[in-house]
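In the two assemblies presented below, subunit A is common to both, partnered first by subunit B and then by subunit C.
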Partner chain A sequence: MSVDAAVPGAAPARTAEPDLETYLGDPHDPANPVGYPAVLAADERGELLAEGERALDGYGLNAEFVPRALGGRFDRADRLAQVMRAVFRRDTTLGVGYGVTTFIAATPVWTSGTAQQRRWMADLLLRHGKASAGYNELAHGTDFGRARLRARPAGDHFVVTGRKEMVGNLGRADAVTLFARTDDRPGSRSHSHLLLDMAALPAEHLRRLRRHRTAGVRGVLLGGLEFTDCPVPADAAVGDLGAAMETVLRAFQVTRGVLPGMAVGIVDTQLRTVLRFALDRRLYGLPVAELPHARTTLVDGFLDLLISDCLATVVARALHLLPEQTSVYSAAVKYLVPKLLQEAAHRLSVVLGARSYLRDGPYGIFQKNLRDLLAATLTHASAAVCQATIIPQLPRLAQQGWRSSPPPPPALFRLTGPLPPLDFGALGLSARGVDSLTATLRGYLAEPGADPVVGRLCRLFTAELDRLAEICADLPPRDRTVIAGRRSFELTDRYATVLAAASCLGVWRHNQDDPFLRDTPWLLAALSRLAGRLGVDPGAAPDGLERHLFVELLTRHQDNRGFDLVNRHLAG
Partner chain B sequence: MSGTIQDTSVDAIRSWLVGRIAFYLQRPAEEIDADAPLVEIGLDSVYAMTLSGDVEERFDIEVEPTMAWDHPTVNALAGYLHGVLGSRG
Partner chain C sequence: MRYPAFALAEHLDHGLGDPHDPGRAASFARCVALDAREEFPAQICAELDRLGLPRWYVPAEYGGELRSYEELLHAVRILARRDLTVAIGHGKTYLGAVSAWVGATPEQARRVGAEVLAGSVISLALTEREHGSDLLAGEVSAVPTGAGYRIDGEKWLINNASRGDLVCVLARTEPAGGTRGFSLLLVDKRRLAPGTFRCLPKERTHGVRGADISGIAFTGAEVPAEALLGKAGAGPEIVLKSVQLTRTMCAAMSLGLADQALRLVLDFATGHRLYDRALVDLPHAHRTLTEAYVDLLIGEATSVLTARGIHATPGELSVTSAVAKYLVPTMMDRTIPRLGQVLGARALLTADHADGLFQKIERDHRIVGIFDGNTLVNLNTLVNQFPGLVRGYRRGVVDPGLADTVELARPLPDFDRSRLALLSRSGCSVVQQLPAAVAEVRELVDAGIAPSALAAQAETLAGLVDGLHERMAAYRPQPRQVPAEAFGMAGEYALAFAAAACLQLWLRNRHWLADGPTAPLWADARWLRACLHRLIGQLRPATATGPGPDDGADYDRLLPDLRAQHREGRLFSLLPARLAEAGRPASEPAARPAGAATQPSEVLR
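Now for the complex of A and B:
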């Protein structure tokens, strides 16, 4: 493979690191090429916003996906999610169709590629090239072990035959990370990754398949490719032959661990849109925001966003700090956060009323985001796939991990604290029954100065963990697998909820220098909300809790700050 | 260390493995063919990783979660584990 293969686009400026949120500008400005009016118009046309792609090229977004050691800006998984929120606040379609697709394709190369392959992919991305993740075959979906596209070794090259379908950017990518069968035997050692330089492949062996149209992220180019006896150089193999399954199990921890934190930006916009409406619109002589039901819904939405960000940020940091445990956490966050965000958006739609489905006007972005959120949930791994990843690990977690795991280092929760480099090779394929994140709950209860009200709520979650341990330790064999019954899937939901509670607790506990996060009311409200999700009565809320959070929400809105943990000033 | 002394002969490891696999497949132990690829008798990649966990708990050793991918039959696994257990000090 040629290291200096030509890729369209100019090299990015290597000056001071720009701020994407500021760069993308006021989303309400009709003259902004990546503002809501332009975004909505592109969605109506079912197109990826071309001006948006140019803008992201201009910023050099791909550099966010390239490790710093290779000349990019990727050195922290939590920061990547936060930077990408600027895109997801404006256009989920661009976030998925420009950003996530390339990130997913590049990560296996960072995980298992040779120095030359990593260099090639990095250069391609830094020149705004596009990479596509060639995994999906319609007949097999996420059942990767049965993927059929065949790469037959033949001397100094492979001969590739088969098709990949419904894959983002597959029809226009400069590089494709291809998941291919290199052995006919069934099992987990029969697949390999090939890194394809699309410009170098003979066109007569390739056929583009039709584009699939979607209800959400309508501009994303979901295409397919059919290979017929296509020669591919032997040095395209990423990692050892037969090692692709292992690479996937590592690389996807990173992608699944980071995506949910990006999607937090979608609901940030949903909440801001509905709040804007609720403050402008008067009913019964009051702004809608002052109606008790609307106010509760807005505050709940704010809490869901904070809870989602706590879990997303902590899991992203765990990729650096607890890589041997993230096989469980990355699946849990990819399962729970999109679900929480979707539920929050649906509840918020009630406040917006009929305007929640108007495709134009000042609140038009809401209906687009409502559709796009579904895609954010399904992209890369559906809820069920993530739950099925957790289920086989439940019995071992139940036998020991939930009772005796060591608590995590405080750095897991210190949002502004440094992180060690992300070591892809250290990501464990199994957590081996260890779960440090939930140990945060017991750890807090053992502290001498523990706040009694916080402690009472924490005990609800340790009790839940005890209940889960009892059930999971004795799961019947069929319920320990991907073909488990519904009960096992419900157990993962409850477990993920406990993980979210532990994340909130840790973020509160270890950011006592942050003027908002050190405040106990948000934590009490978040834990109560999560307890309610488990069907456990959290007890009466302290007086004025909702009003307190509503004032915070209004203040952030007036100051034009984000509703997430970052709490930063936004453009516009 | 768990403190329990396990019989680490190939036969003992084999019959323990057969017992685990029979449990997962809910079939009588006599029906488990020790030379058949695990994936062909119904143990997919996920079961294979679960089996690695069982081995770690039972013998108090650390093995690769992918152990059963590389030693894909009961007999191959029993031979591999016997070697690992025999060599631990």
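Now for the complex of A and C:
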């Protein structure tokens, strides 16, 4: 199958490209080297599935991370998330251990590297080489402004001393993007990126540290490296000395903005697994799927998936269309989507009951995904880090952005529409108080002929935005920083929920050619669910809403289609 | 001031020794290693046998030491905080034997008691592969042979089915089934003819990986007539009454696991620095900690009153045990991962941070909500009793046993199995007493004894609980097709019970606990305000504008208490209990053989 046949976002030029989902084959086939049985067995061994790595090499997954201008296939962040979703649907461990790690390592090079560095990294990836993102030091974790690994300039080279720990693939990478202190002073201009060609470094100055083993994504190789007076050529510096923080603030908008869209694949599988159980299993004389509570849980899971995908897709597209605003959006999506997905998976586990606790049998993938989802949530940026990124921007958003931002271009929501190239340099360090995404809500209300039921729900969110604006404009100084009290963190949660609502509205409004998305029921249900999340009463749901969505869920399952916005046919 | 119901727990915890001492059989490091190897904690279970724990599984009237379920609750809690696999691997014998305490003839029960005291492992086999919690669909059959019964069929996902010496089996004794068509048979595996049964392989599980969760298949297994527990056809009734006892104990497992999870995160948050300060001093992080602490206190209040109710208000246990088994595990299923957010990636490590214990707790805990009647089974039990609960609330029915239930200093009456009921006739006194409790709070506030904020909270609570009962009254029962909203109301009812339990626990115990190590928590109703704050937040329905801003000062005030209990090696509790790692204090006597009925004079000492 060609990509175009199923991925609404695929542009005609890509017809010749392979389709990863199809390529990975039937997940339930015991003979499939990358099916669930093989994936589960590798997880038990704590290994990255070797056949999976070979398969992804064969597909050329790394090319998805390399900009088209450099010979790769990366030209759209939303498409990247959709392609990676095929991997996450199958094996989160591969998704993280083969894909995400490399993507995070390469992005700073695309953002701030020289033409030569970009070429080198692109060639390495296109040869299926591995890149590792050397940021983490256990003692400082998320507070990596305090990172201590030091690179001392010494004439035509740097001398690197220190250690990085618990970093994916660090022990076996061909290239490492190293975050190093180049100035002893505290502050945001004291760190630089060095791009290391591991084959060229003198081995006697390097010591490989022990692997850290984890309960989720068990196969990911979390390694460490200790550098002792290790010489590194001066031209390894990516961007200006002292500019690493600024690079990170841009590059991580892309990685954080795209990762949640990949993780949607995990819960897509969770939902399918529980639906399969609910249809097969009889309790009290009925199939579980006919018990009202189970049905509600399944439909809610479907809605959470659609909501998550709306926010994830819109933020990914915003990286192209509204790059000056994505410092807030990328943090919001990395905060909210994993949380929604995790809550959905937990509720689904209640329906699956004891089967959610067994590592063998037809539903064994569920418990693995529970562990992996937890790991994916903590990967790259925890909830608190993402919220702390938004908090300092709240007062300005409150003063201007939520009242008077221009509405976004419709292309932000048009899933099949083209996108301009992603300009890493255009990604703003701060949104400067502008928020076009939420302006979608007011924009819709101002439209003549707006659907009154949709409008009533939209008003709940514009009212919420007004309340948020009132509170955020008066935040005491301390509550505008990373050491803010809980209230500020809760404000970011509420704001992210409004962003999700605006995304759902926009996706509905601007995809009226899509046979599913153009209908209102899913939107009404999604907005009601988000209102409920805010503790706001959405009013009574229209009759038959749940049944309508349950039928959609069943139809997609029977046709073996995904439950996300893409709604594509799956392998098997 | 002592709280004697902790004596058994302290005896066990100190007997097993400091869990941080790697030389101990029951150290955290060893428990994590056993889990990683999927190995049954046989040595630790042997230590518990040596410490005499099986005696507390057997009621005194049948030869054991079990006189107080409150005491057993804390024992299960303290074992689960060390290792859930141990708690269920050993405690399963209580589950296997409980049907005898509830439904067997006294002579039979004494025989079962002797088995337990002799160290036999007894298992309970209810569920089957295709039917799960739908027990009346069970296919395992027991056909009378004249001399006894012949059993055929397979029980699956049975804890200790393979290790057990005896297995208490629920089997179909009437081909047509139905509520009188099943019986309980205590099958002595040691006496079955070879080839008539086969233990199924241990299932590989998400957590409690060392546990023997397996199954047993019978093919023409002949058992003597005396294997029948209670009357033929009484199986479902005995099971439904027995689980009222065991479900209460499940809540204790959640308390123990969440206690240790919070302890691990506090260990980290006090030492780790972020943004130039100790993590515990970052407002967002410390709020997560105090919220978890409040969850633990709510869970404790709910569990302790339910356990005391086994003695004092057993007729209401069908309600209260369902509340405890639903609420406490469900709450901790949320609390534990939230705590993990503070640890960050360390929460995932299987060996490198604090023995890799956190990820084990997180995996282990998920089973508590699943086994012994899952979340939906318990909520359904509440939904089925809505009419009685509404009636009891409207009439303000209060069982005279409520005073013994809520006043911890009062001696507990002996457990009387004849008072257990499948449905409560008096509703739920803890909730039904709420309006009176609110009035009492108002008086205390007017008299300047209680902080005025408490009156506002109590009144808000009363309004919410009134409204809930109105909605419950409007519910028209729909057997089988129970709508999701009914489950939602049942969940709210559980929260209402917890809030009422907290309120009454405070009112009836604030005097005698105004002294001793936990006194600061009690002094200005500090713990109560935080617990009500949290429960009201969860009970409050959606409104047109959503909740107003919440400064959460009620939580912040608990931080010193939390940190003191952590520092001093005490259980996170409203009541004083020292953990093994704190060492045994010279001033306190060695744990007495627990069991003597609690005397108020002793409590107030």
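As a convention for this text, the second predicted complex is superposed on the first by the 557 of 572 C-alpha atoms of A that agree within 3 Å, B and C clash if a C-alpha of one lies under 4 Å from a C-alpha of the other, contacts with A are read in each partner's own complex, and residues count from 1 in each chain.
The rule is simple: contacts are C-beta pairs under 8 Å (C-beta built on N, C-alpha and C of every residue); 3 or more make two chains touch, one makes a residue touch a chain.
Note that this is a predicted model, so its numbers are computed, not measured.
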item	value
Contacts of A:554 with subunit B and subunit C, given as first, second, both or neither	neither
Chain touching more of subunit A, residue-wise (subunit B, subunit C)	C
Which superposed partner A:453 touches (first subunit B, second subunit C, both, neither)	neither
Contacts of A:482 with subunit B and subunit C, given as first, second, both or neither	both
Contacts of A:426 with subunit B and subunit C, given as first, second, both or neither	neither
Touched partner set for A:392, first subunit B, second subunit C, both or neither	first
Contacts of A:284 with subunit B and subunit C, given as first, second, both or neither	second
Subunit B versus subunit C as contact partner of A:359, first or second or both or neither	second
Shared subunit A contacts, counted only where both subunit B and subunit C touch the same residue	482
Contacting residues of subunit C [partner subunit A, same complex]	127, 130-134, 137, 157, 203-207, 274-275, 277, 282-285, 287, 333-334, 337, 340-341, 344-345, 347-352, 356, 359-360, 362-363, 366-367, 369-371, 374-376, 480-484, 487, 540-547, 549-552
Subunit C-facing residues of subunit A, complex	136, 141-143, 166, 212-216, 281-286, 291-293, 295-297, 342, 346, 349-350, 353-354, 356-360, 367, 370-371, 374-375, 378-379, 382-384, 387, 463-464, 467, 471, 482-487, 489-490, 494, 531-532, 534-538
Residue ranges of subunit B in contact with subunit A within the complex	23-26, 37, 39-40, 44-50, 52-53, 56-57, 62, 64-66, 69-70, 72
Complex contacts: residues of subunit A adjacent to subunit B	145, 185-189, 245-246, 392-393, 395-396, 399, 428-430, 432-433, 477-478, 480-482
